[in-house]
């Protein structure tokens, strides 16, 4: 599980409750000391990796949020982002959309050097999320990144960004198996997982299916959503004759070329 | 006619009533003795070929069946699958969809060796149904199969499987005319038959049109559905200037390339 | 104007009333003497060309006609097809669709030799209508045809036949300017005419627009429909910078390749 | 801002009120003296460039205008086109669509020589609007044009004209950076601006968004429409990692090829 830095549950509590490894998603803050403290806290909490989102120099203009006047419900806040010296501040309550609420924690000047800097802060592997180009994939290798996530932020950042499944093959080819390549965006069925792996992903991430499960049926709903994906993926493997993940090769997607 | 092993009519009765050759469709059962006995029974009944379905290591998750709580109507069962030593058992009545009802008769471990084994049981030619890749088509030749059916199980097994008409040319090219290549899936009009033959099929199979005819008009409906397909195919041949099946060549589909 | 052989007005009357040349469309009848007599009559009437339809070895199954129980209204018949020795017979009144009404006048055995035979009957140039392949276009030259019409019979003969505008370039290339290439099917706007000429047509034929004009506004409606097409075509020429028909070249359709 | 010659506000007043440079769009009139006088007036008014529309030898048949019986509202006229010697004439009030109202001011005989002639009348740079082909782009260079606009007149002139964004790359390649290439048509979002620049445009023009803003909210609406486009474009630059306009390169549109 990758815990969002916007989570409204303390990272320490999540790691304690988790039955598997927890990774932590973060942004590099304008205030680098903020980020340094957050990384230390996360590492101390027992997270196993840092996932740095790199497609968010600014917050995308999410028109649904704007139209719906999105704001965090009363009593919820990005609790992991409350600086220790401002423990009374409730963050993300402005009612003006995610963008305005969280702009303070983004830094448009983040560059590859900052990725190196982040790695220098921690023993945890740093994975970057938001790579959609083969040149960026190659640079990830140059800068010692331990994994990448092919992601367009669920299509909510850059208007008309290409689908991740379309850019995956070129990115995977550029990486050449040297580090894991994950994919998110558009994974709705087990066969989507199979296709992503066939086209070069080591694994996929899902967001909305879990939230839909949560909305529809609370904890049971989440469990069911994940079970459905897993069952469908098992079935897709069986029906395509793959006994192992390794057997899920690219020719599955275009078998006769 | 190819009689499904899930038929609710005894194979012996069907062969007796038939005016043409009857083939028998089957799966290889986890219990190989069950399969051996079924093959012997089918051969004794006078069937002319065995059609082994090979795209069903597990039953696909057919959501319509699940939503509709599909179950066989009372009084109907897969009568040809009732083992002789369990003659009182009514199979397929669980009400939990085809998948759960018939899982017992599938074997996910079936491999090319089992195809050889099946051939060894019988003098009947063995045709395999569910080939959509040119490499599998070539293996069919290696393992002595007498014919293949390009089929995606009517689109009900593997989610987002390619259309059979799209994969047919590569499969037919791989076979190179050494054994017959049949096609099913999506055949709704006489011109679909013409196109399939033009792209390399020896013949096509139809399922739903016959069932729709049955639902709409009982026996007369089936006869009409088949007559319509045949008339339309005759017309399509005439209008494309084909006096014989042999004259239905691939250039019909893209005449100016 | 090309007068259909199914016209309900005598060819002699049409030619007399016409202000421009009249061509006559015909089929080769099973009874060749019938055709010989028709050709003689048409030539005597003053027609300027024969247009032999070659895509109709059988009548297409036109489901709209079947569903609508199409039949000629009382008092109308294919008057030019009434053999002189059967002047009292009213043809095409069966109420069972065009297909059944007119099957008697088609001959599925018509071949290139019959085209030569037809040419031998008359001094009129013979144009064939229904060519959609480059090989047939080349044969047209071999058999002395004076022009061809790229036509799929308005899409009413062969189910899923390609659009004529798609096959036109290959056909035109095969003809190489040796004889005129006309196109019909899908011409609804002046810019469609421009495109057809750009892709190799010498001219286009229209059917439905004229009939729609007739249905909507009688003679005035037909005049308006034709005027609209002509005005739109004039405008399309002006807007694409073409001062002459000759200037309408293929690069108009894909100017930057 | 480019002021249309059909504007109902005097060019002198617009230039006075403007906070940035004003360009003037014009046609070459059948009466060349009319055009000569207009150019002199425009130059005297302080406009910074002339934008000659070259895709309008005739007015396109704009069926919406025809259906809506478009006419200028009472009291409005193309005031900049009122010849000085006919100051009482109100132009464009005929109620018969833009086409009939303004036909008098177009000249279908305009050719490249007239573009040279126009340039000779003025010290202002002459930009031509309506170039969609690479051969015309090259000729623009030959005839000393100072800039071109890839435009299909908002799709209102030539029926089924290609989208400007599709023809832009070939046109830009033909120009090779020697003069600016602008684009209009279909620019609705900031990311459309980014794509146009990525594919070779120096800048874009927008028409409808401004008018929609005007209709929806008067002056404030126009300001908002322009602000939205600018904000979205800024965001699109940030999200694609472009710190300067120069950094917006073609690979943004197909990053993995």
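A few remarks follow.
All chains are identified by letter, namely A, B, C and D, in their written order; residue positions are counted from 1 within each chain.
One rule holds in what follows: a residue touches a chain if its C-beta (ideal position, glycine included) is under 8 Å from a C-beta of that chain, and two chains touch if they have at least 3 such contacts.
Everything numeric in this text was worked out from a predicted model, so none of it was measured.
At the chain A-chain B interface, residue numbers used by both copies make up under half of all numbers present, so the two copies contact each other through mostly different positions. Taking the mean of C-alpha positions as each chain's centre, the chain lying farthest from the centre of chain D is B. Distance from the chain A centre to the chain B centre is 44 Å, each centre being the mean of its Cα atoms.
Chain A and chain C have Cα centroids separated by 63 Å. Chain contacts: chain D has no residue touching two or more partner chains. Taken as a contact graph, the chains are arranged in a single closed ring, with each chain touching exactly two others.
Shown are all chain pairs that touch, namely A-B, A-D, B-C, C-D. Those residues of chain D that touch chain C in the shared complex are 55, 57-58, 60-61, 108, 132-135, 157-160, 162, 167, 170-171.
Across the complex, chain D meets chain A through its residues 189-191, 195, 231-232, 235-236, 238-241, 255-256.
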